[in-house]
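As written, the chain order gives the labels A, B, C and D, with residue 1 at the start of each chain.
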Amino acid sequence: EGYKIGISNTVQGNGWREEMICAMKAEALASGKVDSLNIAHRNTDAAGQLEDIRNLIQAGVNAIVVNPTNADGINAAIKEATDKGIVVVAVDQAVTEPSAYILSNNQEEYAYIGAKWLFEQMGGKGAVVYMRGAAGAGADNDRDKGFKRAMAEYPDITIAQEVFTGWQQDQGKQQINDIIAAGVPFQGVWTSGIDNVIVDAFTEAGAPLVPIVGADNAGFVSQLSSVEGLKGAAVTNPGSVGGAGVALAIQILDGKVPAEKTVLVDPVLWDNTTEEGKAQIAAAQNPNLSPEWPVSVSIPGWTTYTMDQIIACKGPGE
Amino acid sequence: MAESETTAPVLDAEGVSKRFGAVQALRDASLRLGKGEIVALMGANGAGKSTLVKILTGALRRDTGHVRIRGTEARLNSPAAARRSGLVPVYQEPSLIPDLDVADNLRLGRTPVDAFRHWVAEMGISDLRLDDVIGDLPLATLRILDLARALAAEPDVLMLDEMTAALPTDLVEKVLRVVRQQADGGRSIIYISHRFAEIAAICDRATVLRDGATVGNLKIEPGIEERVVELMLGGKVAPVASETRSRAAASGDSAIIPRLRLRGLKAGTRLADVSFELNRGEVLGVVALEGQGQDELFDVLAGNRRPAAGSLEVDGRPVAFGHPADAIAAGLTLVPGDRAHALLMSRSVRENIALPLLARLRDWGAIRVRDEAARVTSAIERLQIDTRAQGEVRRLSGGNQQKVTIARWIAKGVNTLLLFDPTRGIDVRTKRQIYGLVRELAGQGAAVLFYTSELSEVPQACDRVVVIFNGRVVDVIPAAEADEATLMRAAYGLSRAGTEPA
Amino acid sequence: MTALNVGPTPLARIGRFMADNPLVPLILLLVGLVALLQILQPGVVNSRWLANTIKVAIPLAMLAACQTLTMLTGGIDLSAGTVATISAFATATLTPLVGAPAAILIALSVALVIGLVNGFGVAICRVHPLIMTLGTALIASGCLLVYQRYVIATGTKIPDFLVWLGTGRTLGLPNGLFLFLPFATLVIWMQRRTGFGRLLYALGSNEAAARLSGVRSWQVLLSLYALSGAIAGLTGLLYLGVVKTPSLSLALPLDLPSVAAAVVGGTSIFGGRGGFGGTIIGALILTVLGTMLTLMQIPEGGRRILFGLIILAVTALYIRLTEQGR
Amino acid sequence: MTRFLSKNSRTVGLAALLALLLVATKLIQPDFGASGLESLARAVLPFAFATVGMTIVVIAGGIDLSMAAMMAVASVTAAVLMEGASDGQAAIAVLGVLVLGLVMGAINGTLIVLTRVPDIVVTLAMLFVWQGVALLILNAPGGGAAPWLRDLVVGGVVLPGLPTALTEWLPKAVLFLVIAVALIWVPIRRSRLGLMLYAIGSDQLAAFRSGIPVGLTRIVAYALAGLFAALGGLSVTMGTGIGEPIPGPYLMASVAAVVLGGVVLGGGRGGIVGPVLAVFILRLVRMDLTLLSVDPNVTAIIEGTITVAVVMFGGLLAVRGMQK
């Protein structure tokens, strides 16, 4: 008798989240210990996620892996689940409910190391275009904290323009086009995951490139090694953390309870200005991957599936 | 002024003007109304009658002018305010809420139910239920309900805007009686109608509007009709339709194949069994009281409804219509009784008239602009449509809207025309023109089925008339013998002397 | 006319002119917004900015054509953004497999099929267009997500022609105009000068009356929604060229703005009134507004508030200007 | 009786469908019971309030695209005011949020009446305005909710004097919904104001000519929508314990439920029961799909199909009802 695992996710139709789901399915399959996955995967808010988690409880799952909409909003349902003996693992972002295990990408750190690298490239002074995610989203807020922390360390850096892309490619491209066309002076761009279209905008407009920091999305990573004159860095933000979450849940169900309830997956920065970074970028390249998918498709030490398995995107019983 | 009033007027409007963008609807309208008086407000289509009523009842703001109620200047900001001053209208278009039932409509207007019921019964509508939804009721009933609601409010001044246009003769008589009684009881009434017989029957005076200005105020007396018409039209007396009646096809020559042959047609609960023939070159009148199945008859012929039984032949070939498009393809075109069902209110006069030219799949391509313009212009001219507000049909006066529904088929070209009370709300001059037009079409070989609720039209327009009672044809009368009394008797199902009802 | 009826005042005459030519006040408002932008951000209004604005407004205007045409009949097409996204995603993922021409053909066929399904539901089953198109959007996006799982590793390629159309410039103007100008001409011609166009207004104004005049409305509606699907598909291709990333939510952010462009441009959702000319200006107004807010240095909340208030002010002004003549 | 059935065929049909779905749920998940109903009811709450508010404006001939954005404003305001507040202060905060909802709605309505811009454009513009306001109040999820408020919708109903087993299956959330709607809407529906709302939706010109203050009535309709949006926002905060400045998926869901529930877009026809039943049906379908562990992408396909199918079926019922 294998396990029955529930999954709750609240953003649909975005490459990162789709990769996360595939990683979850692949890990469940690769582990050989999971009978079925119940996946609630749609666009909704915390209230909708409460509904999904409660439905998963009704479905009688043994564990729930959840990518929370925000840290506090779904605590009630998590508590109901853990009270019933269901293992809950929050991935990508943390939750404040103490009974849950947390395996999260460190969003604050993500923004901090990227911004720090960028400000360093800019020589510690100048103006930066700060392209955030969706206004009012928890992850965006966490990243803002990291970005502001780096800003505080570089007093001569100013923000030329702060915009919200809403994590939409077309919005981001339109905004950077407007900024370039308006002749706003700036020396660097920090963008929260909408990255390859930003580089495109520079080349299409024939504008001089400035250092750009983005995420480890396949499209941007390939640009880092192919676009002439582009100085940039990709900060990893693996969607495969979902697979790691499933792995953790299975471990706990197997009785191997970790000492710490919280595990942070720390981001890594690959830049194309150092040899070491170039090597990392070359190794991570995957031109066949959808440009919106992060190239870090696995997390060593956690996930056990193969590249083929995650690309097949099949769970147990499919 | 034609006469001096002894008492102070209840309502006195002076120098009222109103402009709608390009259209100066009223320029200098005046009206005086004494206690217990019925004043006919007369004028050609588009003269500004309805606009004046709307201003007097607070539904529109006047641009200039004075309105005094019982001698004091009135500020009529809303229909509710006018109502409080004792001014209650029945507008030209039904003003009940279509999705609510009768009872809720009464509650909404704070109308006393008992008084309302009394008036409805008085006017001979017996089968009304308070939980009937307004939108499901026939137009004639709605007019009566509107009137009953106004009467129940016990107004000082009652304004009736073409209240009788959609009513059949029997109901008209009841309404006239009630209105006269109201006046005798001391209420004052403004009465708008294009029917002289009604004016002569109940009104005391007539105030005539032309191009938005009051041009005359005269006492009603025998023989006044031509005077009024002259005033309405400003001296340019209309060429009265010539009495060129062919009347040839009227005889039942069995050798020729009729254009249209109905056998035992049955539909709905009212149309029981109707058979008759309509020939080319003939104008066949249809006369019936309210609710005798004439609506269903026209709906079936127009392809708007499927018959439950019976057969229909066009030019000797049996036909079955599944959609109005089928009927139109067979040459049968309908001018419906309710113009609201026929018009694209937010579109232009031109688009409304040209609509049938584009209906078929093969007409979906480029519009032949010149051909269309020529047809539309000629139809507008033939029906004398006042096109000052042609950008949107909703802005036309009621009578001009009605003309657009007819013009559409004139522009398309007529084979068999089904006219359901086509002269509703149309002024005398144009009415005569329409009779002439109908005769002319028949003369050119068209067949016309002409239902009318105004019995005096029959001898002027028709060759023969079929009378329907209880969903059956009870009589067929040649136009020459179709005087109002005869028709009325037949319509009530009473046999004519010497003939047996079918 | 007698002496009493003096001719209209100059003001009233201007008003009537505006009422008869509703595009004029709309264009004036657009020019006003551009002037405001130039004041707020001196120097921004240059040729590069202009080309950029047109480039971005074109796909929006094309998607808004779907809304305009369906709204003329009292309907709406909420599946347009989804259809455009699917068409773009299918093209990008199929090009490496079957080549660009075949990929584009497949993508457009899929768009047409979704349009036909909408048309079938609206015209024949008489489902309310809002529900029908919302339903097909849900179904189609579900299918898209299922499909994408099978092409994760096939790689994507954007046909060069689309990139040229989406990002290239000729004489300083975006190449997208090569697609858009014929498109807009055709749509406006269709809506004004063809029987089909007139019938759209007729159905939106009074469907029962159109029926009595012999119009079989199912034919019109079925064709309309199929056409709308095809236009959305075409927009998706262009947008793929513009954004150059086949995102799973590529054109979804255009859904609400496409409705906004149509209504700001004077088309009524209850049908019978409006046209594509106004929609084009509406799309430009929204795009200029977007730029203005991007460049404004205020908190995001303030930007949204301003965006809403300016839309409201522009439409209210527009209505005042055109109402004068009534 | 037959008249009642034919007049309310849509509602009766929806109720039957809901019953059917409940039975199906029990078959899929044999231990589905009071706790399942309870979580269903809590999920329904914000959708139901949004739908009731939307229903009222649609009946009055309008549409309110700013519904979800107003909910977000109410939710963040409540969460900010209640964070760390005493029970008494929290009660005042709740009242304040309800008033805020009324005011937001009244602003929408007043702008529509004064500017004469179509409802859809005004509320579309206000959607951005209220979104902006929510972001200014709280730029990231946060705040808190008073525990007593959260308890208001948790668990089953327990009435003193009645055996617990008898009432416990009825979720408090349902009772809360019923009471809120009954207190606000039922008296209005029965008064002349209710008729006025239907009247302006049915035929604005006829309503005006019947002496109804059309502008004022429209403002009232939007104010009521705002009030229900506030209740919806409050129920989001009650459920999550925080406020979220990004509006949830309530706009389209409420429009869909309104149409599914038999309310005619354009106004004048329909009631509140149908749309609320539709909300329950849509939530229950989602629960069943999760219980069946259907592929999440196929879930969207099924939800879309069901939505369309219900409307088609409803249309059939309506045609049947007319023929009788």
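The definition used in the following text is that contacts are C-beta pairs under 8 Å (C-beta built on N, C-alpha and C of every residue); 3 or more make two chains touch, one makes a residue touch a chain.
Since the structure is predicted, the reported quantities are computational estimates derived from the model, not experimental observations.
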Next item on the list: Consider the two chain pairs C-D and B-C; indicate the one with the greater count of contacting C-beta pairs.
Entry: C-D
Margin query: Using Cα averages as centroids, what's the distance between subunit B and subunit C in whole Å?
Written below: 43
Next item on the list: Let me have the rounded angstrom distance from the C-alpha centre of subunit A over to the C-alpha centre of subunit B, please.
Entry: 72
Margin query: Need the CA-centroid distance for the pair subunit A / subunit C, whole Å please.
Written below: 33
Notebook entry, point to check: So which stretches of subunit D touch two or more other chains?
Noted result: 134-135, 139, 295, 297, 299-300
Check: Using the touch rule from the top of the page, what residues of subunit B touch 2 or more other chains?
Finding: none
Notebook entry, point to check: Which residues belonging to subunit C are in contact with no fewer than two other chains?
Noted result: 141, 145, 149, 300-301
Next item on the list: Once you've mapped the touching chain pairs, tell me: line, ring, star, complete or other?
Entry: other
Note to self: Show me the residue ranges of subunit D that touch subunit C in the complex, using the header's touch definition.
What the structure shows: 111, 115-118, 120-122, 124-129, 131-137, 139, 252, 255-256, 259-260, 265-266, 295, 297-305, 307-308, 311-312, 315
Notebook entry, point to check: In their shared complex, at which residues does subunit B touch subunit D?
Noted result: 59, 78-80, 83, 89, 91, 94-100, 104-105, 107-110, 131
Item checked: Touching residues (chain side subunit C, partner subunit D) in the complex -> 78, 121, 125-128, 130-132, 134-139, 141-143, 145-146, 149, 256, 259-260, 263-264, 268-270, 299-309, 311-312, 315-316, 319, 323
Checklist line | subunit C to subunit A touching residues, read off their complex | finding: 41, 43-44, 46, 48-49, 52, 56, 141, 144-145, 148-149, 151-156, 167, 239, 242-254, 290-291, 294-295, 297, 300-301
Check: Within the complex, which stretch of subunit C touches subunit B?
Finding: 2, 4-5, 8, 12, 15-16, 19-20, 193-196, 198-199, 201-202, 205-206, 208-216, 219, 272-273, 324-326
